[in-house]
């Protein structure tokens, strides 16, 4: 379940970070256990544990392997993608508040899917593709906005523009739902974030895109760190800022689009995860990205476990829980003495 | 308010906005699923129409227009006040989460979670809670700078999520009853809330007429304002209190139709003489905006209705985006 | 993109209309001023209503069932028109809004002389509607086994069709007896337990035992249960976590959706491993039905259509 353990023990890895990373990985494995053991249904943690070991009642075995297992996998991948995308976007825009959800990237993705459903799409692969396309459009808008003079250096205006864009897309989606009641149920299902009951086939249709996103990150992590020293320094080191920005935009779009196809728009995950990671890793984007690997999945799965337990025997939408967890983090960032710049 | 009329350009602007409001209201009385000829509308207003026309024009549309007009005016004045106090044209109640918090509290009262207070009172409590929270979090910076706004976005997100949780936890009928509050609609207003709102507006108008001069000096720096004899602290507290009051009461009537509070003062400032706080013009513009948006919502897909909040979001967001993305924007923050 | 215009359908079932017209002309002479008890006190209705607007699916059903005709109705939940099962009889009915949001102006435009409104109409809405025409809001307690009978009697009386109302109730009851015989002859007594589920894109929604269609199903000899999963104060339905699907493992599962026809609903539910696991699914004892009819409609015509569904399903299992 813990990704990239082998890579993590590379010799170049600083030992202090390794400790943090191992602690985070341990926490993640705890959350994964919780995700497998606790649910809204009648299967007790004890029975679920027995089922994990291969015995236990038949029903527990089914619930763990067929319901909680896939759900946990989807949560892991979603958290991984959103955490990394948030860290990338924040580093590139040098804005600690640049979060895909807040900036309207997820809303763009959700709106694209809503449109596709309205025009009759139901195939999982198609919606994945549409979600990624929507995210790409959202990302392009964000990047265009940061290029506007003055806006790039003004975190508040940027996220306010993102919030406005999200509001606009949400209103348009509501209008689509009003006009076609039949599509409304399905659209509502897409625009409220959730990882329950999603088929594992969805995961296989998004994995290629996520793999490409990760590959790009591996390629641009070093130049991105150089860009943190200033564009001139990066150019001096032989990097091409324009090309790097393009690659990062592509990577963020692929990651957020895939995450939205898996779980619907989840806001604040991309804010919370890099925020925690930076607190431990410091300003180096490479270290932050490493730490996002275990923290992202842990945050999403932790929120999902809460969503099952708060409202049993039914469940809360995951998006609501991530907002309840994430908004206070936003407030904490604001409360911190000065706006930390990246 | 009379003071504002002494200035020629401002007077013209107010006259124009008043005319626009009357025209919008009359069209709204005439158009709908049933169309009533403009002459019949006038006839009904003069008391010379058949009972059914009278019923449609006065009771169905008239009361709805009145509710829209009052809540639009209240939201716009509240927005203009807060922008003036914060010296930031983005600092409107909707953007800093007051609308959402008022909505969350109003929904709590509608779906009957623990408290059985009237939606008006609950919306007010929500608005006040959000404002104090935003101030508390923004710390010593007060309403100035980015923190206030970012804190507001966070508070708005929490309130929005809380509303969702409440709606998913109650019976479907209660959730349906609370639905208008979540999108902003004039369809479910209660007569009581409208009466309370109009009382609030009258009260606010009197107090604002008294502090009008002081508010105008707030456009200068604190030092200048104090030199001009303005009691800064008193005016800030009173102005903010009124802004919260008007927002809370308006939300209890029409739900979170936040963008009116941003667009109307924008328009008013464009039309009026610079250097004065265009409270009256903002109110008139807000009322016109709301009446027009509701008219669109009622007629676009008749007999089905689009809630007014969706219309204002679709019309208003692109404009807000334009303000935000316009290069070299000096009047921001 | 389908918007919902005010629509007037060309007559689909002319024979039905002709019958209704005859019934109508015969009854004119008998109708006189009468008072009916409603949720907002007694309401007096003069003569034979000719332009009836129904703001509730059960009221439209009853109106058509007793041979009156309606000039206005609301769309069914999750649809963009009246429910499919009643479409043929409801030709020429104008749409005046959605169940949650009536457009009063559209009601006025239909020029009604009687309005039959939903049980939970608010006082404010009632007062406005009363200005247009007499309004009957049912005061029958909901979610009881014979709620539909009392409601039929109430609306029939308001329509001046009391005899037709009794006749149609009798018709439904004899049909229930017929289907009950079939059920008792076909299914052993300990295998008659059933649950009613609506399948949404989000997952299952378990429907309450007191629901109209559940009470009809119960009357035909099935043992309908919601396993206490529908909490107090939520009389209609409760969304379920997939993990809890196993808790509704009855011999029979009646599966409905609002969006798709029954067959598609079954297909989408079958994609879920939790659903596949149910004993009813393994034994092929799933009855897939229209959600418009089974989870939203009520009234005598709905009862007859539901009984047809049950009869077909039970006949299919005969060896």
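For clarity, chains are labelled A, B and C in written order, and residue numbers in each chain start from 1.
In this text, contacts are C-beta pairs under 8 Å (C-beta built on N, C-alpha and C of every residue); 3 or more make two chains touch, one makes a residue touch a chain.
For each chain, UniProt lists the protein as follows: A, B = Iron complex transport system permease protein; C = Iron complex transport system substrate-binding protein.
Just so you know, these numbers come straight off a predicted model, no measurement behind them.
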item: Interface with the most contact pairs, given as the two chains involved; value: A-B
item: Centroid comparison with subunit A (C-alpha atoms), farthest chain; value: C
item: Mean-CA-position distance for subunit C and subunit A (Å); value: 44
item: Inter-centroid spacing, subunit C versus subunit B (mean Cα positions, whole Å); value: 42
item: Averaged-CA centre spacing for the pair subunit B and subunit A, given as whole angstrom; value: 35
item: Overlap residues in subunit C, where contacts from two or more other chains coincide; value: 3
item: Multi-chain contact sites of subunit A, meaning residues that touch two or more partners; value: 179
item: Shared interface positions of subunit B, touching two or more other chains; value: 301, 304
item: Touching residues (chain side subunit B, partner subunit C) in the complex; value: 32-34, 52, 55-56, 59-60, 170-173, 176, 179, 187, 190-191, 301-305
item: List of subunit C residues in touch with subunit B within their complex; value: 3-4, 6, 95-98, 100-101, 103-106, 108-109, 120, 124, 128, 131-132, 233-237
item: Parts of subunit B lying in touch with subunit A, wherever the complex brings them together; value: 90, 95, 137-139, 146-147, 149-151, 153-155, 157-158, 160-162, 164-165, 168-169, 183, 301, 304, 306-307, 309-310, 313-314, 317-318, 320-321, 324-329, 332-333
item: Footprint of subunit B on subunit A - complex, ascending; value: 97, 102, 145, 148-151, 154-157, 159-161, 163-165, 167-168, 170-172, 174-175, 178-179, 267-268, 311, 316-317, 320-321, 323-324, 326-328, 330-331, 333-335, 339
item: Complex interface listing, subunit A residues touching subunit C; value: 39-43, 59, 62-63, 66-68, 118, 176, 179-182, 184-186, 188-189, 194, 196-197, 199, 308, 312-315
